[in-house]
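Quick one: the structure is below, questions incoming.
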Amino acid sequence: MKNYRKILTVLLLLSFLTLVTAGCGGGGVSSDAVKVGVILPLTGSEAMFGEMEKNSFDMAYEELKAEGKTTIGDKEIVLMYEDDQGRQDVARSATEKLVNQDKVAMLSGGYSSACTNVIAGSAQTLNTPFLIVTGSSDDITKQGWDFVFRGTAAPASMYTGAFWDMMEKVVKPQSVAIIFENTDFGTSSSKGFREECQKRGINIVFDQAYEHGAIDFKPMLANLRSTNPDMIFATSYVMDASMIVKQMKELNFDTKLFVGNGAGYTMPEFYQNAGAASDFVASTSLWVPNVSWQGASEYYEKYKQKYGKEPDYHGAQAYATMYVIADALNRAEDLSNTGIQSALKDTDIQTIMGPIKFVDWAGFTNQNEPNTYVVQWTDGKLEVIWPEEVKSADYVYPVPKWSER
Amino acid sequence: MEDAWIKFGQTVICGILLGGMYSLIAIGMTLIMGVMKIVNLAHGALVMVGMYVVYICATNYGIDPYIGMFIAMPVLFFLGCLIQKYMINRLVEVDSILPENQVLLTVGIMLVLTEGIRLFFKSDYRSVVTSYSSDTLYIGAMSISVPLVIGFIIAMAFTFLLHMFLTKSDLGKSIRATAQDRDAAIFMGVNSSKITMITFGLGAALAAAGGSLLLPLFYLFPDVGHLFTAKSFIITILGGLGSTWGAAIGGLVIGLSESLGATYISMGYKDVVGLVMFILVLLFLPGGIRSLVKR
Amino acid sequence: MLNKNTLMTIVFALVAVALPVIIKAPYQQHILILVIIWATIGTAWNLLSGYAGQVSFGHAAFFGVGAYSAGLLTLHYGLSPWWGLALGPVMAMLIALPIGAIAFRLRGPYFALATLALGEIFRLMFLNMTGFTNGAKGILIMPAITSKIAYYYIGLGILAATLLVTYLIVHSKIGYYLVSIREDQDAATSLGIPTTFYKNLALLPSALFTGLAGAFYMNYVTFIDPDIVFNLTDISIMVILVVMLGGVATTWGPTIGAALYIIMGELFRTTLGSANVLVFGVLVCLIIMFLPNGIAGELDIIKRITQRKKAGLSGGV
């Protein structure tokens, strides 16, 4: 029985300790610092992106430090990371802690739409500026929340900007099929695409959601094939994307063009898993390493060298966001919440994701007008094919049949 | 009309093949549940660990996943034995209000395994690509992926071997005796703590085998196990607790019904089909498929 | 003995009421509110599963339906989500009836797995009925109240009601029937106890208060989607963890468990970086291995043994 007692005492002590440390908390950061809270999923199933974004934040921070841009007056910018575990109640706790406990000057981060929604809502109620990195749900910047800014991330329904241009000039499909994962990003972006199709009178012959993580997509693909669409528009999570194109190859399912909607279709893992099946798959994208914006390819090379892994657009979003933060904090008249808010509002900066400005348009508030691209896989390389001014390779359309490759 | 038949054939064949691999994972669970009467929520995590062992063999030493499987199985057998002996077994002997605290322990084990793997491998998605990964077999206009066929054959072979082991060998008979009546088995001189240890190890090894068979056509990340845990439960109950053949057939039934659901209802609802079947079986056929056979 | 218990309760209540006055920092208040929400779900789960022994793996269904009742009122009718506090519990009870009708025909692990499957079915339904529930996009509301203290006292009221009702049920005749069903259902049936009826008497209040907690959660966290509120691991299984940590079939167990779960989780998260869930998992294993009946449960055993020793009897486990 002594054992129990010991454990019990330890447990009780632990909980007291918690309350005490949480009560006096604040950590080792001195008060003459400008604290920026960054909330990312560092554990849980989204941690892969959280890690990539954290690394990119750190990399940008070091570069800015070398340029002396991380010191404002006598105060230094300090990044404080918090893990949201990919769960929105934890994201809420992290926001509360950063704002009320650590007294951060502003917030950034936000990967999943669910967590970003919650952080944005809390930031708005707590009057703390929040600059979103990835969270792409349309609704977030449609609430009229003036403390919430979205620069490097496009609203989910807007990923297709450049693609619609290409549709009009090149693809001109009579019929399209839409498949999407039943998550926030999947439903929002396919909704946007569907509405645009209806507006333009394009016939939607197939429209189905699926639960991510499936092993066998052939049932859906077989149904899809019998509708014989000119083009397929797919929104998929990382590996579902490669499962889908691999199984299309196995089915010998030919279509004039298969377009993914960012996410799974632009990541290095997609090619690693899908191999040759990835050829000629097109995708919308917010960023590619060989895009013509200054610093983009340098970022890509440097990241690859430093962390031994290829980054994708999520990393670029975080990297560019850090530059936007440093720029705004350096320009801010004072480091109060409203001071930073108005500095962010006046942002006009060139980043590796293109120019960033926070404007109000089409019902959005503080939303950068995103630059979007259409990319296409060729031999394991992602080439920009649209818009034509920035293309790195010519588009292939219609794509060759499986039997002719 | 022709098209409709091809679609139907495709659906049925793929469903059955995939179901075969579900079976193998579920047989691991049915053994554990049958002998120890506990719900093992860490089962999917064991599948995941097994897949990582195969992954390491394949990427670091160039070992083919189907051979790597025979490395993963002993590793997981050993891990399973350790978990049973030093963690779960402790609880079996302690008196508690609800036996479900063992379930919770398996939740803790699941967290530790998943997050431990994450610490080493990060959350990156990994895949083992082999020369035959995208080979396809064509029967008429139906296309069937080769790794799926190989996986199915190996899974069925394992099921058969396991069945032989359980019915013919002394150790196998002791396992079955413990599953039927633990106390009686102890009186008959069965070393129950050794038996439970071996059972858990065996269950873990089978989970690893199932995972390895899926690897050439699937992918890998630390949370991949969640996909399998709930599915194995459903199959276990469908087949009848503790029944190897029941679980094998249950796996095929679930594979088939998901596949049919995906084709004729919607991809989004395919899991609902399996779950509804599960509840219907619970209500109207409480002994599972096994009770049908015995009747 | 009773006096001592009442005294303890009064002390607990006073501390709970005074806490937000002592702890003024909004972050700590936020943690307390989360503790209250989890304590409520835990206490509700404890009635059905701890006392009556019907271990549910599907409480996320009640929680989710409660949360969605509040969210959908706002989404479809523009009503304040606070009306969800009235509608949520009712809806949760309504779905509890068919769930009970199905699951109570089964026992032990079969019952547990049936509730697990039913919970998952609800998640998939809410995910796929996009027209009605907004699907995976979820429901986002702007909170009308920003003061943490208001939320704290509303939550505390809900928890107090849950504790009181549970206490009354458990200490009435029904409570003894429930425990007898847990200990030996066949014996209970043979004594003429209509077991299914009494199980439902435990299920309905359990669903009611879980739904209430769900509706409150929607109001407080302001965003829900099906993968969050119907989550098998994060809700259904975590509530079991909360109660088991604190003590199954004890009055204060779930509350103690909720405090431990939230505070430790938060402490680890903020101090241990990316290893935080791993350490949490290790701790869960240790607690269950060494305190199999939870902290409040083992406390009773310790007390009993020390008292027995005092009485001059030989102590032993």
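A, B and C are the chain letters, set down in written order, and residue numbers restart from 1 in every chain.
Definition applied: a contact is a pair of C-beta atoms (placed from the backbone, for glycine too) under 8 Å apart; a residue touches a chain by one contact, two chains touch by 3 or more.
Since we're looking at a predicted model, the values are computed, not measured.
In terms of the distance between Cα centroids, chain C is separated most widely from A.
Between A-C and A-B, more C-beta contact pairs join the chains of A-C.
Separation between the centroids of chain B and chain C, computed from CA atoms only, is 31 Å. Chain A and chain B, compared by their mean Cα positions, are separated by 35 Å. The residues of chain C that reach two or more other chains are 124, 127-128, 274, 277, listed in rising order.
Looking at chain B, one finds that residues 115, 118, 266, 268, 271 touch two or more other chains. The set of chain A residues touching two or more other chains comprises 43-44, 47, 51, 182, 209, 211. Per the touch definition, chain C reaches chain B in the complex via residues 49-50, 53, 55, 102, 105-106, 109-110, 112-114, 116-118, 120-121, 124-125, 127-128, 182, 232-233, 237, 240-241, 244, 248-249, 274-275, 277-278, 280-282, 284-285, 288-289, 292-293, 297. Residues of chain C that touch chain A in their complex: 23, 25-28, 30-31, 34, 124, 127-128, 130, 135-138, 140, 142-143, 146, 217, 221-223, 225, 227-228, 234, 259-260, 263-264, 266-267, 269-270, 273-274, 276-277, 287, 290-291, 295, 298-299, 301-302, 305, 315, 317. Those residues of chain B that touch chain C in the complex are listed here as 33, 37, 39, 41, 87, 90-91, 94-98, 100-101, 103-105, 107-112, 115-116, 118-119, 226, 230, 233-234, 237, 241, 266, 268-269, 271-272, 275-276, 278-279, 282-283, 286. Contacts from chain A toward chain C in the complex involve residues 1, 3-5, 7-8, 11, 14-15, 18-19, 21-23, 42-44, 47, 51, 82-83, 85, 87-90, 92-94, 96-97, 99-101, 113-114, 117-118, 121-122, 124-125, 137, 139-140, 143, 182-184, 186-188, 209, 211.
The part of chain B that touches chain A in the complex is made up of residues 3, 6-7, 10-11, 14-15, 18, 115, 118, 122-127, 129, 133-134, 136, 143, 145, 214, 217-219, 221-223, 227, 259-260, 262-263, 266-268, 270-271.
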